[in-house]
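Heads up, the next two complexes both have subunit A, just with different partners, subunit B and then subunit C.
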Partner chain A sequence: MLAELVQHVVNGLIIGGGYALMGIGLTLIFGIMRVVNFAHGEFYMLGAFLLFSLFGTLGINFFVASFVAIAAVGVAGAVVERVILRPLRGQAMEIPMLATVALSVILQNAAILAWDPSPKTIRHPFSPIPIVLGPIHVVAIRIFAGVAAVALIIGSHLFIQRTRLGKAMRATFQDGEMARLVGVDVDRVYMATFSFGAALAGASGVLLGSVFWVYPAMGDQAAMKSFAVVIMGGLGDFLGAIAGGLLLGVAESLGAAYISSGYKDAIGFIVIILLLLFRPAGLFGRRDRLR
Partner chain B sequence: MKTRTWLVLALALVIACVAGGTWPTEAQQEPLKVGLIQPLSGPIAAAGSYITNGAKIALDRVNAKGGVKGRKLELIIEDNKSDPAETRNAAEKLIVRDKVPVLIGAWGSSMTLAMMPLAAQHGVGIVVETSSSVKITDPKTPGSKVVSRISPTSELEAVGVESLLPQLGMKKVGYIAVNTDWGRGAVVAFGDVLKKQGATVDLVEYVGQADTDFYSQLTKFKAAGVDSVIITDDAPKAAKMLQQMKELGLNAKVLITGGSAWPDSMVQLGGAPAVEGAMFINFYNPYDHAMAGDAEASRAYVEEWKKRGFPWIGVVEGMRGFDAVNVVARALETAGDPTPAKVLDAVRHVEMKGLYGLIKFDKNGQSYSNIILTQVKNGKYAVVGITPSVKLWNAAAAK
Partner chain C sequence: MKRPGSATFVLAALAVIPLVLDDYYVHLLIMAGIFFLPVAGMNLLLAGGQLTLGHTAFFGIGAYTSGLLALHWGVSPLYGMVVAAALSALVGYLLGKVTLRLRGAYFVLVTIGFAEVIRLIATNWIDLTQGPLGLPGVPPFDLGLASFTLKSKRQYYYLILVLSTLAYALCARLLRSRFGRALVAVRQNESLAESVGVSAYRVTLVAMVVACALAGIGGSYYGHYTMFLSPEVFSFYNTVTMVVMVVGGGQATVAGPAVGALVFTFLPELLRMAVFYRMLLYGVILLLAVMFMPRGIVDALQRLRRRPSVPAPETTAPTLDVLVVGKASSVRGDTALRVQNVTVRFGGLTAVDEVTFALARSEILALIGPNGAGKTTVFNVVTGFLTPTAGRVLEDGGVDLTRLPPHEVCRQGLVRMFQKASVFPERTAIENVTIAGYRLGRAGFWAMVFDTPATRREEAELAMRARALLAFTGLANRAHEVAGNLSYGEQRLLALAIALAPGPSVLLLDEPAAGLNPAETQRMMALVQEIRRQGVSVLLVEHDMRMVMGVSDRIIVLNHGRKIAEGRPGDIQRDPEVIRAYLGSGETDARV
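Let's turn to the complex of A and B:
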C-alpha cells in the first residue's frame, strides 16, 4: 500500500519537473513581456523533434543533440520575438496573443509536413531495464529527466538572480519604464526573455519527448498543463511555477490512482479552481514580484 | 404563325431539358465527389493519415480502370482534428457546400457518432471504415439508419476471438482503455466474453486520448496482481503502455483490441523486447494475401503501399480506407443516379470481397470482417488464429 503510494508520488514528481520547466518559461514571458504565449507548446514540440532529428536521424551524441536542440529552440524564440512580437509591442494585449495563436497553428502544421504525423520514439542511450529500489521501479531515462529538470530549474534561478541580464530582467519586470530610464536595454531584455522561455519549453520537450514520444500535436496538452501550472503558481511567480509544476504532476498521478484515471486531465483543473477560490493570487499569494 | 413558332421553340426547350438528363452533357463528365473525413491533425493524426493513404491507393486504382460509369472519382478530404465537434463541422461542409452524395469516416467512434444525426438529416450515407463502438449500428442511435460499417464492432471482435481465448489462459484481467465511445464499448464487449470463460476483469482504467503516461494505472494493476492486461487504444499509446509495463516490472499477458495496433507497429514503436509476446486482434494480414477476401486486391494494395513509400506500420490501418473507397465506388456503379438516397441504398446492397473479408451489410448496416489473432514472436509477426468473415456470416445466418 505504502509502496504503491511512494511509486505514485515518485512518478508524479518526475513528470512534474517537466511541467515546472514549461511553467517557468511561460510565467517569465508573461511576467516580463505581458505576452500570453499560446505557442509555448509548439516550442516544447520543436525541442523534441529537433532532438529526434539530430539524435535519431543524424546520429549525433544524445547529450550534444539535446543541448543543440534546446539552444536552437532558444534561437527560434529570439527570432519570433524580433520578427513577430516586437512590431506588435504597445498594442492591446490580445494582439500579440492572437499572433502566438497563429504561430502555434503554423508551427504544428509545419511539423506535420516536415516530420509527418506518426509518433516517433527517441531511442535514448539509457537502459530500459528498471532500477529496483525495494518495491519502487524507476527507469534511468526518467531519473535523468528528473535530475536534468532540477538542474535546469536551479540554473534558471541562478541566471535570473545572479547575472547582469537576469537583474535587467527583474528590473524590467518590476517597472519597464523605470528600467529603461536607468539605461536597461529593454529590447534586449524582451528578446532574451522570450528566447529563454522558449528554450525552457524546448528543454522540457527534449526531456519528456525522450521519456514518452514525439508527435506534432504533443504541444497542445503540454501548453494546457503549463497554463495550469502558471495559474497555480501565480502569474509571473518563478518559485510558484516550480511548486505548481510539481504539485500538478503529483496531483495527477495520485488522482489517477485513487480517484479515477478517466479524469486525470481534469484533476489539474480542479486544483486550479480550488486555488482560484481560496488563493486567487497563486500558491504563495505574492503579486508582481519576480523571484 | 408567330404563335406556332413560339410553341415549337418551347417544345424543343422542354425536350432538351428532359432529355438532357440522359445525354452525356458536360456536367455529367465532372468527377463524382466522395467526402472523406479523417483525423489529420491532433493526437491520432497518424492513423488518419494512413487511412487517407489507403483511400488514395483505391481511388487511383478505380480511376486507372476508367472510373465509375466513365466519370472520374474524386475524394474531398477533410480534417476532423481528432475532435467530435470538428467532425460534425467537416460533415456539414462536405454535405452542404460540396454536395457529396456519400461520406467515408471518421476513424474514432465518438467522431463518427457526432456526425451521424447531421448526415441522417440530409439523407447522406456514411461508410464507416474504422470505428468499433456498438452504438454506431444500434438502430436506437440517432442517425444509424444511414450507416454502413465495414469495420467490426468490439462485440464482433470479442466473439471472433472467443474460441481462441481459452488457450491464452487469462484469469485476473486489468483492462486499460481510451476514454471514448470506442474504449468504453470495448470494455463491456470483452468483459462479457471473458466472464463466460471464467476470467474476471478486476480493474478497469480509462486514459485520455492525448495521454502519454500510464504509470498510475499500471502501478495499480501491479499492486492488484493482475495476470493479464487488455488494451483498447491506438498503436502508439498501446506501445507506450507495453514499454511502461516493463519499466514498472508488471509482467502479464497482453491482448490489444481494435485492429490498429499490430506486431510490426508495436515492434517499431515500442522496441522488440518490450512488446515480445503481446497479442493483437487484427482484421488484415499484409503478409498472407490468401487471408484477405480479395487476394489480388490485397497484393496490389501492399505493393502500391510500399511503392509510394508510406510507413509500413500503417499498412494495416490504411486498408480500411482502401476498402471503404472500393465499397463506395461499387455503390456508385450500381446506383441509378448519384443522389444521396440512391447511393445509400446501393451501399447497403453491396456484396463484394475486400481486404476486410466478405463485405456486405446486415439489416443494421453492419459487415462482418475477418478476425485474426496475431502475436509478436521472437520480435516477428505471427498468426495465432483466424475466424474468417464468412464463418461469422454463416453463424449469423444460422441464428
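Let's turn to the complex of A and C:
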C-alpha cells in the first residue's frame, strides 16, 4: 500500500521534473518578454524528434545527440525571436501570442511532413530491466531523466543568478526601461531569453521523449501542462515553476492511480479553478489595482 | 463607420449569393455563419481587453445541450437552442465570476484550461456522450414543429444568415452604446475607467455572458447542421480558428468578426489544392497576416482608404450650466469629506501615519509636502485604489468609503484626476469625455440593445455634456483629435474634463499643474476656481507653490506620512516646522 504510494510519487516527480523544465522556460519568456509562447509545446516536440533522428537514424552517441538536439532547439528559439517576435514588440499582448500560435501550426505540420504522424520510440541505451530501490521499481531511463532534469534546473538557476547575462535578464524582468537606461542590451536579453526558454522545452522533450512516445502532436498536451504549471507557480516566477511542475507531476500520478486515469490531464486545471474559487483576488494576490 | 446603405447592400448580396453557388460553397458560407456567432462574442469580450481561448467550451456545451435534448427527449432544436444559449450563458457567468478578476495572460490561460477540462469531461462521460466515438444521428434543425424541418443547404443558410445578422446587430449596438464605451475604457486604461465609475469586473462579466450565449447558439446550430457530436468540437484547433477570425478580421471593430469568419473559413478550403502542405501553408499565411496586419483586415482596409474627413471644429460650443450632477444638489452637511486616523503601511514602511482632516463643502484644500510625504497615498485611499491599514474615510452623508472599490467611490460623487497624463489614448478628445460620462447614463442593457427613444435622448444629452465640458476646459477645437496626439498640456486639460464628466461633488486633483508652463498653470488655476464656484469641493495635491498659494483656502502639510501643519496659506508659509520639512535642518540631516 505504502510502497505503491511511494512508487506513484516517484513516478510523478520524474515526470514533474520534465514539466518543471517546460514551465521554467515558459515563465522566463513571459516574465521577461511578456509573451505567452504557444509554440512552447512544439519546441518540446522538436527536441524529442531531433534526438530521434540524430540518435536513432544517424546513430550518434545518445548523450551527444541529446546535447546537440537541445542546443539546436535553442538556436531555433533565437531565430524565432529575431525574425518573428522582435518586429512585433510593443504590440498588444495578443499579437505576438497569435504569432506563436501560427508558429505552432507551422512547426507541427512541418514535423508531420518531415517525420510522418505515427508515434515512435527512442531506443535509448539504458537497460529496460527495472532497478529495485527498496520497495519501488524504476527503469534506468527514468532515473536518468529525473537526474538530468534536476541538473538542468539547478544549472538554469545558477545561470540566472550568477552569470552576467542572467543578471541582465533579471534586471530586464524587473524593469525593462530601467535596464535599458543602465546599459543592458535588451535586444540581446530578449533573444537569449527566448532561446534559453525554447532550449529548456527542448530538453524536456529530449528527456520525456526518451521515456514515452515521440509524435508530431506530442507538444499539445505538453503545452497544456506547462500552462497549468506556470499559472500555479505564478507567471514569471522561477521557483514557482519548479514547485508547480513537481506538484503537477505528483498530482497527476496520484490522480491517475487513485481517482481516474481519464481525467488525469484535467487535474492541473481543476486544481487551478478550485484555487480561484477560494482565492478570488488571483492565485497569488499580487495584482494591485494601480498599474 | 459604415453607411446604412452599404449594410443593406451587403445583406442583399448575402441573400442572393446562395442562389448562384453550388452546395459546397453554400456549406462554407453556413460554416462561416456558425463560427461568426462565437467569434462575435469573443470580439465583444476582447473590446473590454479580455481574450478568451476557451470559447470552444461554450460552443461545445451548446452543441451537446440541444443535440442531446433532441436525441434523447425529442425536444425541438429550436427550443433546444434556447436552452443551449441559456446554459452556455450560465456556465459563462459562473466561469466569469471566478476568472474575470484575473487580467491578461492569466485569464487567457485559465480559459484554455477550462476548455480542456470540458473536453475531457465530454471524452470521459461515456454514458452521456459515448466519448470519443461521438453521437451520430442528431436530428436536423426544425422551427418548433417536425413539419418545419430544414432540409436543404439553402434553408440552413438562410436561417444562419438571419441568426448572424441578429447577432451582428446586437454586437454593433452594444459596441456603440454606453456599455461598449465602458468596455473600450477598461481596455485602454482600467484605472481611469474605474475612477469614472466603470466597474471593469461588471462590464466584462456582462460581455462574457453575451459572448457565451452567442457561442451556445452557434454550437447548437452546428450540432443540428452536421447531425453529429463528438468531443472534437472542443479541440484547440477550433479555438485557434476562432481567435484567428477575431484578431485576423479586426478585433474590437464591429465588422471585424464577420470579415474574419468569412475569410478564414474560405482560406483553408482554398488551400485544399496544396493537399499535404495545406495546414503548413495555412500557418505561414496566418503568421504573415499577424506580422503585416496585426490589427486585422478591417483595420488594414480602413488605412488604405483615405481618411474620413474630420468634422469641422465647433464654433458654437454649448455652455455648461451644471457641472455637478446628482448628489451635490442634495447637500446635507458642511463637510464634503472626512479622513479619520488613516494609516497605510507597506511592509515595514509607514507611508501614511494617523492622518485626519476634513474637506468643507465648496472648499479648495491643498495637500502639500516633500516627495514621499504620502500625499498620493492619501489620494489612493480616498478614491478606493488602496485600502488603509487603519482609519476611515467618510463622505458627507456619513457613507463609509473606506472599503469601496474605485467605481463605487465615484458613484458617491468623488472623482480623481491622476498624476500622470491619464486619458484613453486611442480615442478622440470628445470620445474620452463621453466615455467618462458613463455614470450619468441610466439606460439598461436591453434599452441599449433596442436603442429605445429614451436611450437616444440620453445619448444625445451625454454627447452634449461632453461637448460642453470640452468647451469649458478650452478644448472645443480639439474635440476630434485622438487623445494620444494632444500636447501634454492639452492632455492635462482633457484629464480634467474627464474627471468632471461624471459630475463629481468632490474633485481630487493630483498635481494638475505638474509639467505645465506658467500660462497653462494660470489657466488651470482659473478652471479650478471656477469649478469650486459651481459648488464642487476640491482636494488638491500640488508642488507648484504659486498654484497652491493662489487657489487654496486651506493647506495641510504632510511630512513622512504625518500631518505637521494645517492652516491658511499665509500661516503655512510662516510655520517653522513646515520650513524645516521643506528645507531640511542640521538636526534631520544628522539623523539621515
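Keep in mind that, in the parts below, the second predicted complex is superposed on the first by the 276 of 291 C-alpha atoms of A that agree within 3 Å, B and C clash if a C-alpha of one lies under 4 Å from a C-alpha of the other, contacts with A are read in each partner's own complex, and residues count from 1 in each chain.
Definition applied: a residue touches a chain if its C-beta (ideal position, glycine included) is under 8 Å from a C-beta of that chain, and two chains touch if they have at least 3 such contacts.
A quick note: this is a predicted structure, and the numbers were derived from the prediction, not measured.
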For A:Pro117, is the partner it touches subunit B (first), subunit C (second), both, or none of the two (neither)?
first
Applying the touch criterion given at the start, work out whether A:His137 contacts subunit B, subunit C, both or neither, answering first, second, both or neither.
first
Quick check on the superposed pair: does A:Ile95 touch subunit B, subunit C, both, or neither? Answer first, second, both or neither.
second
Is A:Phe212 in contact with subunit B, with subunit C, with both, or with neither (first, second, both, neither)?
first
Does the superposition put A:Phe30 against subunit B (first), subunit C (second), both, or neither?
second
A:Gly262 in the overlay: touching subunit B, subunit C, both, or neither? Say first, second, both or neither.
both
Contacts for A:Asn109 in the overlay, against subunit B (first) and subunit C (second): which applies, first, second, both or neither?
both
Considering only the touch criterion stated at the top, classify A:Ala69 as touching first (subunit B), second (subunit C), both, or neither.
neither
Given the touch rule stated above, what does A:Asp220 touch, subunit B (first), subunit C (second), both, or neither?
both
If you lay the two complexes on top of each other, which residues of subunit A touch subunit B in one and subunit C in the other?
109, 112, 220, 260, 262, 265
Hey, which residues of subunit B end up touching subunit A in the complex?
40-43, 45-46, 48-49, 82, 179, 205-208, 210-213, 215-217, 219-220, 223, 236, 239-240, 243, 246-249, 269-271, 273-274, 311, 313-314
Touching subunit A in the complex: which residues of subunit C?
46, 51, 98-99, 101-106, 108-110, 112-114, 116-117, 120-121, 123-124, 190-191, 194, 236, 240, 243-244, 247, 251, 276-277, 279-280, 282-284, 286-287, 290-291, 294, 380, 385-386, 406
Complex contacts: residues of subunit A adjacent to subunit B:
1, 3-4, 7-8, 11, 15, 108-109, 112, 116-119, 121, 123, 128, 130, 132, 137-139, 142, 208, 212-213, 215-218, 220-221, 252-254, 256-257, 260-262, 264-265
Taking the complex as given, what residues does subunit A use to touch subunit C?
30, 34, 36, 84, 87-88, 91, 93-95, 97-99, 101-106, 109-110, 112-113, 220, 224, 227-228, 230-231, 235, 260, 262-263, 265-266, 268-270, 272-273, 276-277, 280-283, 287, 289-291
